[in-house]
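Have a look at this one before I ask anything.
The first chain written gets the first letter, and so on, giving A, B, C and D; residue counts start at 1 in each chain.
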């Protein structure tokens, strides 16, 4: 019953098999190999257009490199105030951008409204003392597990481009959002106005494989140098590319995401049917943020469930956590088994019953 | 017949098997897993002392992070003028150190003599305009395939410490040097005065696995933050550690290095027996730098041999490459087969014969 | 009637005369001159102890260099959410620290309460993803014109040191705070626990002269290199030092500050006596933040008064600006003449009268 | 008899008078004042075209900011191996560029030949491991006191532009070069292909005043932010601009430079007439590099002459310093008096006589 994150499980069998398959024979080093070439081509097919693709081993690298391409050292990057890039990467964006600033804006469930962004921009002084706003970074799925609709992305993109900002998407859970929306990768990105994307694959079944996909060719220009200089160009580059071969083959990535999302839907449906349990905001992909009685939280932990407590910073205005309640995050993944869900719900139900009886 | 580098081959079977083995079950993310804990302990055993160990996926990251720990942004780092860190990493040390400077000193075959270092240091002005020398970085094996003796390392370390410099070793080919010297890892590092080490494993059989080993605890302090912030802390950290499990088990790493070195010895012995062929400097590990007739170079390439031409910058004074000669680098690895060596020599012999006959 | 800032006026006559006096003859360059040596000694006398002093031409440089000495590239620096360092320097701290992050905390009138700081620190996760808090930067006078009492500084210092943070003071208006408290420079700094100080002189009568005063010798170590490398070591260093000679002679600096504060007291007293005018928070040094009717604001501007509108972000909870009101900042200086104050008040009084009559 | 540098003297009377004149009245801060506006306009007249002008207090700032505008963090900047930017600024270019690399090339007397630059560029690998060459920085006057001819600048510019490099000129002694060539500022810069210039005024009579002049509007774009963020935008900006008012009025700057150059010509002519004294290379502006007997060096120092010993690194091939000789640098300035020259020559002549007699 480990719902701590979608990175607590290993890789899937197809991904591992592709890795082993790619091992044979000599290949040119530093990304000049045939496997990498195939995958770069595959990305273009998936996104239905030419795009510059840069494979890297971690999401932190993907995000920070993408932001560095979009934001000058003296620039400002807007994001949600609980975004991964601002809170969880020990300042990686600041390191890779050489000192740009991240400005965190509020939004329920990690989602930014266009008016929030527009108002913030309107309030900035136009003076050399002010770092000029250069990019907006949103997460799809958001830090709170919400999924931006295509029109919501397009509205943010339009606002960004009208004011000279680039739009970056942190797609650590790209596939989960994609199957949630039931749209194409192209529709969820460049067709909606996204300029540069961190395409995550690690959380959804790979060992350590992410990609920066730059739709704006200006943003692509510096990335080969930036990646090399940051130590993120693997000498045996085939091993990064091979993971994507296994990942993309036969819609494996989409199947993984569909499974994770389905497990989340089931888990949230069963939990919210219990007395005293509610969601902080809707469960739209493979995460849910659950407000539950403290006694239930204790019972679950006592039964060996693993998950993280969460901050109440992005609750809707007026919504609060009661003194006897707590807010937790549950994440499902490609590896979540129905049995894990059932056991978790059973323990919760038991606690709910005791509480109702008390 | 690919002698281009020791990173053109994939990983060994024991390493891949360890990776697959580590895949099962849930593990804490970001290096808090059990596999990583075991490997950090294993490093302490191998080096016969406590040491801070930071696993990273690339050698560029290992070198640049290690140097960033040792050299402040305004500091000077000495190295050989053809060192990997100064020539081949697109400025990674400059990026990670936030703008420190690398000063390249001369030395035959990539090896630095203590007098060269001492004279350079003595010639620096003691003024605030001068970036203060803060570290010396040497490569073991050197860029020219030479191996520093234990006394040579100790002499450099003593000189460094007397002048307040830290000694860093780029051990991309650590195992090849180790078996060449027939000493222990402790003897080749901290017992000789090394402060911080880039411990390479990728070239010698892993997919993408290197470690920074900090013997000086002052240098260790910042590295956890630096690694995270550089995107080199893997979320599924077990996969980095697992490679080392396969690598270290049953002296696999030493066997790999012994094989590579043996192949190099055989290849260099057979080549230098041919008319018109000589070594630029001795072959001491798994690389050789061969001066050969241009006609032989053409014949080898025509037969499908793959290798790189090399610079004559580190030849001994007075030694020169003739107009009809060229200098090449040949690298053997754990995967080099005797048959590759034989075929290469055969082609070379044919060309030598034709030349002698002409 | 220019109350826009204390940097809109030039320098005082004693400062200019000292500059001209220092011009004669040859002097060693780059701060090795006799004038600089005298001034460094003078700082020690003024602060009643040895301290490392680094003269620089701007307050931005003083603040950013001081913070760079106290906060590593991966560190977090706390400050007020409207602090000059976070809002008005185009990211200078981020540039000089190589990417550290500033966290802005709330506080009425720009003043931080120890509980605000303590609560924020307590809420930070202890994880490598979190940039470690390394310093607190407060402004004395605050951005809102308030003056920290000695006990308030000591409480913040104690809290900082208990948690391993350094305490930096942005003393752009150091003299104004000093005469407001009637204490000694030592009492307001190191005796209260301040580790490093930006000592401003430009706003209070110099042309361009600030000093970093490091009481913590660890923090001093890197500053000579950092200053040189940032281009803030003047070649004709005597001109920087000479300004301080004029500034410190015969308590000129204290007289300037006393005058500015007296003008502020008079202006705020007369304004708040008018109908519809109140202070956002007390006037304690040479700035006042005035909430006044929009009609009065228009009348003042119409009469040629120059000043800046201000943000309502640091009002006390519950306090608001009415629809017919506006919040402005007025700053007095060494050069403010009683006549300016009188004319300003007269215009305001006229507008207040018209309003009361309406 | 201080010939140590042209920054050992203070400022000229016209410059100081302009400073005092600019002191009166209130002015907008941060470079928005009327004096700065006038001076920016004046630069356009002097250079006969629109150009973006950024006033800064030091030459280090001017050079480092100009290079940061021209070279990305991963770029390579070529310069002479003894250039001020590579040797004397404690890594300021590395700091401001965020880790770019300076490559030092050889050249007699500090002057770079086009073939040297072209050969170096041709030898660079075209690989992502190689930092891409992005700019060439030359000094006019060179570190060795030579003056590039207009055709020499044009040849370097053409070569740079053909290969995508920007051409930067470090004009710390711009006026000295200008009067030596007898050409216009436009001819010596943008008409010859210069993209960005550090225009020095401090050494030639100001207190602390330099300007970055960007002829390439692409390079100008970031500089306002970079300057602010580096703490080089003065709050009382008028004092920087005022120095230039005094400097430019009535050809004062050209007169200063002509005087300095004339003093240098006289000093070098008289010295080289002495037995055992020769120039390392021609004296073309206000510096001379003199090879003289050690006994004469002792006599001069004994008589109170002040100057620096110099490196023999940029001597012509085959030229060497004898065991009884030494190489020194002598610099004249606007403040050098004929009497200083005479006394210096007299002491030298005495020593030469004793030597000839011995």
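As a working rule, a residue touches a chain if its C-beta (ideal position, glycine included) is under 8 Å from a C-beta of that chain, and two chains touch if they have at least 3 such contacts.
Being a predicted model, the structure only gives us computed values, none of them experimental.
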More contacts between chains, C-D or B-C: C-D
Distance from chain D to chain C - Cα centre to Cα centre, in angstrom: 36
Gap in Å, rounded to a whole number, between the CA centres of chain C and chain A: 42
Chain B-chain C separation of Cα centroids, rounded to whole Å: 52
Per-residue multi-chain contacts in chain C, two or more chains: 73-74, 89-91, 94-95, 98, 128-129, 131, 225, 228-229, 233
Category of the chain touch graph - line, ring, star, complete, other: complete
Residues of chain D that touch chain A when the two form their complex: 30, 72-74, 98, 128-129, 131-132, 222, 224-226, 228-229, 233
Chain A-facing residues of chain C, complex: 73-74, 87-91, 94-95, 97-102, 128-131
Chain D residues within the chain C interface of the complex: 2, 4-5, 7-11, 16, 19-20, 22-29, 56-62, 64-65, 89-92, 95-96, 202-203, 207-208, 225, 228-236, 238-240, 306
